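Can you read through this structure? Questions will come right after.
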């Protein structure tokens, strides 16, 4: 960790909430938060609060039948007043916005990246990530929480004899965290106040083995250099390691 | 209360959760459950759990302008996995179902029934009731919780000088409860397991003064007599009085 | 009837159209108004004019298959210029409004309340209520007219050998009427001019045996007391009895 | 008329309803069929029955403002059970079908073809044609009936001082009729049973002066020759002249 | 041709692009413009440029199954910036406009008019006409180009053994052209600048044998007489003969 | 370049089209491909063919008014038969799919990343990228082509005096290219046949100065290591430099 801090010429007083640049917000993972779903996890990252549920269904969509393989899909949504200004419901507008689509697809890809579809067999797991309160990093919190719900749903299927105990459905764990450049300084885990003024914003999903499942870096406000990219990836690695430790702790309980 | 019990020839062991026929499920009302909304209340009635938020906005919709009066509107929705089977999202289907519309309109009418629109002035309050977990009575829990969120939003507006302190915006409180006839016996506050086998199902919204704001009684399975109606209304009166006491307690904290 | 009038301290000159408070508008029920449907009824209640058709189809929706039971469903709509101001078509807007949904569901429930689904067998009856001219009470006129169309469709099915003659598909008849409190006075069968100024508005669907199928009472403007409720139910009973006599007359022709 | 009959080598017994090939079905035009619209006409052509209403509104759509000219638009729809098989509502399907769009546009063009938009001034007339019962020729009956409703709406506007009495808003009348080739024989005014087996199907809208506003001829089943076209246009001329006489009669009452 | 010119009292300098009144714009037909479709044709008529593709699929829609007959359907669309003002995408608006529907249906009917559905067998051909650049006559160019794509798709099916070589799927060729009356003068093949000021506008689809598949004549601005109609049809015959020669040339390459 | 080849242990015969792993497909950029748009570019990358248009409009959307800043937005779409299997039109389905939304947003962000919104002033540029033929890399070809169309639209605005000549609206150029890992080997510019079997797929948008605007790396099939990421970024840098040279050449003509 020492190198990262040096590299960034860190100014500890910089962040509104007093965190160091490579420090996560407090994270809480609560399993079985609701009763009905096969996996149900409330994840809180600072003030961001997402309910992640996993629905296990036997059978797969038509296009996947007779393949011997399963499928994992995800939907992301926000309650209208998760945000400081009320957002109109997409159900009322009659269409799903681009941002929602983009994030739903991201979450789905990240989870599929750690699932052995053959071991899952012809079963489907539907992930729902509903943001109850939003303060930045909702998509990365969704991925991190959804992995735990996914693990619970797989365990449920094994406990109920739908999947054999010896199948290794989950090839690895996955978590995600946001990083960004604020006033020229790379930082880990941006709350809304920082995110909205970031020059560059990156979401990084990593496996427990330290490889990448998804990197999405955007620079609407100022392009970022290869050096900045490297620092951001270092920060993301730090954050994801901690998140994966918390996932493991939650699942061990 | 004595008369009611006599009238119903009550069999205390009848209900799956051991409640008496005129007994509410445990109710918890938590204010300020999320930070952003002007009013934010988590109401739990047994396993039914609804997040009710109230959004206060200055100004009214176009058709209401220059009337000197405000407006209160409501939207109801369920998370996909609030129920034992996953429900498809209405945003994904691209249209709002009839049941959602019906309940949203019911909640809106009940709250408008206790608001003095002239005292509210040209301001709008939008109520969002999102069911996080469903076990029967979601629409009545929504009304009961939404009233508390509404009261908080009105208080917020007064504290911020948007409405004068001396304006009496809320003419009365309002709560709602479900009653129904199960195997010929009228009962108070039906969880899902009872609701699904009810011959008659009625939702009753009442003011603190004991008058009715809305009565919706349905008998798809067996018509109900005037006598049954009277017993159901007695039960609803019992339930609403208790709910209003809990509302008052919550608002007093 | 005497008691009701006493109770209401009736002022005969009160109503714009000169009716007594417990008097229905003139009602006409015309069967076979169009040729194609298995049941086709034009009902006129004062200036309100609704075309109610019943479409009989063998087979049921997928979720009902192999249950041995039938299904009855209803859709309500208004022609754009049924009203004094033109209403935009819901087909053009691309979505069905809440009011339409609410009324369609109400009509469906009321008719299902008198149908023995097992006697109907795996057949479906679709009710369409299209308001050609609206002057208050369109949803109650729809229910009253739709019952006659439903009876014709059942008779058609028996005449065509789809349902055995000895099956008692209709357990009872059903009609509906609106009642309301205007300037503090309960009244029967509100035309638009009264409906729009009602403090309380209630729609009551009753069977021939005098029991209730549906009660929907709303008090956006002023809550109503238990006493008022009782008077309104008395008025509704008077009205529904007359409507059911007219249904029987029409069906006897 | 003599020439036409010769030209067609007419076989009087050919048509299911016993009509001659150049004979219209019985036509009834009833004005003021509903009370609310500025023009409201029920037109019956055989068993085809269309309610045509005209809504007069001061002001024009945004793109037409400050042009000094008015606008006329039309919407066509069918009740679900106007046809022998029930048609799903377009409002329920959430989109308007191609056939509906095509016919709505046709009606609008035909009526605009006889309106002097400058004389109309910045006012809009919306035509609604709702088919209550369909037996072929619904689009042509709509045009013929809508013209009468349009004339009534213009008269209403003059009577209410919205348009000056001396303005000649209607340049001419317009009516429409279908013609087609059945088993090689051109015929006038096709009911559904003929229409569905027509090789060629043509709708012809003409002014009182005998000119064409719209010709739509389609030959999915067998192309038609210039000679056949000429015979069809002769038949359409015969039919439209009679329809225009009936329009004039109706408007004279 | 001599008669036509006389009849029209032609003024050669009349047209903005210097053409004679009975002269087509330059037409180019390029086959195999894209690689994937079974038929892919870029047709250019002056500055109008339409990509017409034909997709051959084995099997037919459900309603056509076990009929032994095939089906041909068409969809028309415009790129947003095919026009001088950008047009909003219909996918973004969420609904297809009336004009698009009308033209899609026209193209489908015209092509079906020359296809022997029995010879096609239970196969479907989907035509897509996408306007890349619009300068009037996009619907007629679509029909003319789509016929060539259709012929290529049929040839593909024969070459791949899906249809027997000896089946005569195409009964005839079909092309279409626009004609119109401008300042009182009938003219052939209107570019946008002429089309927008036409009193009468007609689209005429004809077979190689000189018969009509579809005639659509519209006169929003001034009705047209039988004589004008005849002249317009003469012009359309001239134009379609030339277009059919170009289709044959293209297919011969 | 030497290092990259060494690093990848390159096998020149690996790729179906005979390219080296760090070799782009042939690229053609044609400006002014259609006449109407302010910028209109056809870009061809191998068989991928995208029409990119830029529409310049004075004024900005409401939320941007009085900010003194402009806006750039983008929409991506595919013709139905750009692909080997026909894709249903999103306009017909009535909603935009997630993939379309995701790519449209990506293109918009990349272009905004090089635009000085203050120099653009309160003007809007709408980018439309319509894929005429798809063979992998459609989103990156869209970005590369759209930049040229954007530059033309800015030049048009300067030529027409809407933007002052001395304003530097474009801060830099931007291009994008896909890279991926196939059978363990990183490669540049994947056609469909490679893309569909890629373990990892990354799209990289870079400025002329060599910084990143957007990185999107996805590993549904196998996570990628930091070393692989670095090689992929090296390849993307090689590709983007060449694309930017081609953009400059095209704009110089």
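Just a few scattered comments:
Chains: A, B, C, D, E and F, in written order; residue numbering restarts at 1 for each.
Definition applied: a contact is a pair of C-beta atoms (placed from the backbone, for glycine too) under 8 Å apart; a residue touches a chain by one contact, two chains touch by 3 or more.
If you want to know which protein each chain is, UniProt gives these names: A, B, C, D, E, F = Ribonuclease PH.
Please read these numbers as outputs of a predicted model, since none were measured by experiment.
Counting steps between touching chains, the shortest path from subunit C to subunit E takes 2.
At the interface between subunit C and subunit D, two copies of one sequence, more than half of the residue numbers in use are shared by both copies. Here the CA centre of subunit A is 27 Å from the CA centre of subunit F. Annotation: 52 Å between the Cα-based centres of subunit A and subunit E.
The set of subunit A residues that touch two or more partner chains comprises 94-96.
Touching chains close into a ring; read starting at subunit A and passing to subunit B, it gives A, B, C, D, E, F.
Remark: subunit C residues 95-99, 101-102, 104-105, 109, 112-113, 172, 202, 206-207, 209-221, 223-226, 229, 233 touch subunit B in the complex. Contact residues on subunit C toward subunit D in their complex (touch as defined above): 34-37, 40, 47, 49, 51, 53, 55, 57, 75, 77, 79-84, 86, 89-92, 94-96, 100, 126, 128, 130, 132-133.
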